[in-house]
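Think of it as A, B and C in the order they're written, each chain with its own count starting at 1.
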Amino acid sequence: APKATPKFCGMTEFVGTGIGDTIGLVIANVDPSLHEVMKLDKKYRSIGIIGARTGAGPQIMAADEAVKATNTEIISVELARDTKGGAGHGCLIIFGAEDVSDARRAVEVTLKELERTFGDVYANDAGHIELQYTARASYACEKAFGAPVGKAFGLMVGAPAAIGVIIADTAIKAANVDVIGYASPAGGTSYSNEVILFISGDSGAVRQSLIAAKEVGVKLLGTLGGEPAPVTVPYI
Amino acid sequence: APKATPKFCGMTEFVGTGIGDTIGLVIANVDPSLHEVMKLDKKYRSIGIIGARTGAGPQIMAADEAVKATNTEIISVELARDTKGGAGHGCLIIFGAEDVSDARRAVEVTLKELERTFGDVYANDAGHIELQYTARASYACEKAFGAPVGKAFGLMVGAPAAIGVIIADTAIKAANVDVIGYASPAGGTSYSNEVILFISGDSGAVRQSLIAAKEVGVKLLGTLGGEPAPVTVPYI
Amino acid sequence: APKATPKFCGMTEFVGTGIGDTIGLVIANVDPSLHEVMKLDKKYRSIGIIGARTGAGPQIMAADEAVKATNTEIISVELARDTKGGAGHGCLIIFGAEDVSDARRAVEVTLKELERTFGDVYANDAGHIELQYTARASYACEKAFGAPVGKAFGLMVGAPAAIGVIIADTAIKAANVDVIGYASPAGGTSYSNEVILFISGDSGAVRQSLIAAKEVGVKLLGTLGGEPAPVTVPYI
């Protein structure tokens, strides 16, 4: 489990760091030229920034809580093909805010939530299984995954991608859920070695699906390496 | 040479593992919702799945033998940008079958052939050279590489990509072969650091081309690191 | 700092190696079939080739000097998603020449310049900060970055990408420069975990911008890991 040591640097733009080489930053007044090339909406003079080498799901789910808790908007979510040699993504998430204190608060909430949202990431040297769940999806989940806002939402990731196909099938068969989307190396990912399934529906059903997927996924990933262990503490 | 230890997990979906973090799986009855998001042909209720962190060529060539030997079809071949920090791809290959025993058999044949098809992958810390050859290309080679079915076919990979350019030139000059295709970081690969040349023609000429490419490629790759060694036993 | 040991291999195509698993090669007479699939202009029978696992900026800036110094043209610049598990690119650069001695000379100049152009790449385990500067951009910078030929040009890279956003803002505010372009994981990069800003203008202003960006970038990257150290000797 990659865990960042807290460090400080005395810059007003710096908010903090988190698991997965995650860094949280703010800009109080974005320069107009940068505003333009980043294609930001004029009304947001302040932005909050979350970036990470490892993980996209955990950061997006954490940002989803931040959007609920603050007066900010998710402007963009970009997925790098990264994970420091692993099979998955890294990410760049931008929050827009009219006031820098809102942007900063959104970044703080995201960094704090990260400890939880890394809880159902199970990894070994061969790959990873990731489960994410929310009882009520907000705008980060909508932007990044097409989740219906206000409804229970879940996602499951299997890497290498082959395992993702099996856990997707397992999840759909385990409970009555709506399949919202499917992503694979050549479609919907940034060429990561993952298959990802996005589901919605009744909260109990979504959770039941995810738990079934996890059990199968962790077992299959274990055939390629050591026992996959959660990065922090499972929350689903 | 990454070599998987055989492990079992007691699941009916699990077939086996192989070199390169390769895993072989089957689904007897794909759930209709998954069928739909994966865009599978309705006639295949069973699928065989091969996925790997490291390698695409070896798995595709092995799958080509599996398609010849079984009553299955190659549904899709996807290339992740992976190799665990290496310069190449990982893969996700789906076989369609009307019966699960055919899907399982295709996966078994693929895993078995993998030992051979990793034979002409020469790697060191700086990159890899890969050669593949078949006297008679089948549907996996057609799907993935555009190879003419039934004809002798070969491919060569050089990573970093610069070496691939030289071995492509060497191969074409070494014998009278048909150039079928060329892939590079920005075109035809998933941004891997490889140049790949696909050739067809008389079987003797194809082999002669590949052997010339190998000699040059291994020599050049050696200038960047240790002596490149084959992953298993060369077969060409 | 990855530093290649000089090795030789007795082939006329081999020119040399450099930092970042960079290899320099030439082909005196490109085979017509390869010419065709590589879509090379017919007038160049010779090509020079620079390829690397780690780095694209250093190689492109070095190639820019080579184009100024020789009778060659930059035919193509391709960026792989590489860096051996790092957050950035690798590259494949092709020079065209009517005579092989020109192609060879361009490759030699590039390899020699590389020692300098890796000088403002600061890296630790979590990412990297890269600055590049030229008082007079030439055709490699134009091809790869859209730089106006003959003018002062600079670029700055932050990885993970979040840091790149901050240094871009810092750079623009630090001096009166023209913003030429902006690249991020989902736009303008090969899904690398970088934000890159390209600037032009008065040479003093461009340098001032880059120096401001460097100070901030190195400080922020340091919050995620050890003190970022330059690969060779800073030149800006």
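Points worth noting:
Keep in mind that, in the parts below, a residue touches a chain if its C-beta (ideal position, glycine included) is under 8 Å from a C-beta of that chain, and two chains touch if they have at least 3 such contacts.
Computed from a prediction, not measured in an experiment: that's the story for all the values here.
Interface residue usage between subunit A and subunit C, two copies of one sequence, is largely distinct: under half of the residue numbers at the contact are used by both copies.
Between the two copies, subunit A and subunit B, the C-alpha superposition involves a rotation of 120 degrees in steps of 5. Chain centres here are Cα means. That of subunit A falls 31 Å from that of subunit C.
Residue positions 81, 84-85, 191 of subunit B are each in touch with at least two other chains.
Of all residues in subunit B, only 4, 7-11, 13-14, 17, 21, 23-25, 27, 30-31, 33-34, 36-38, 47, 49-53, 78-82, 84-85, 90-92, 94, 190-191 touch subunit A in the complex they form. Of all residues in subunit B, only 81, 84-87, 126-127, 160-163, 165-166, 168-169, 172-173, 179, 181-182, 184-187, 189, 191-195, 197, 216, 219-220, 222-225 touch subunit C in the complex they form.
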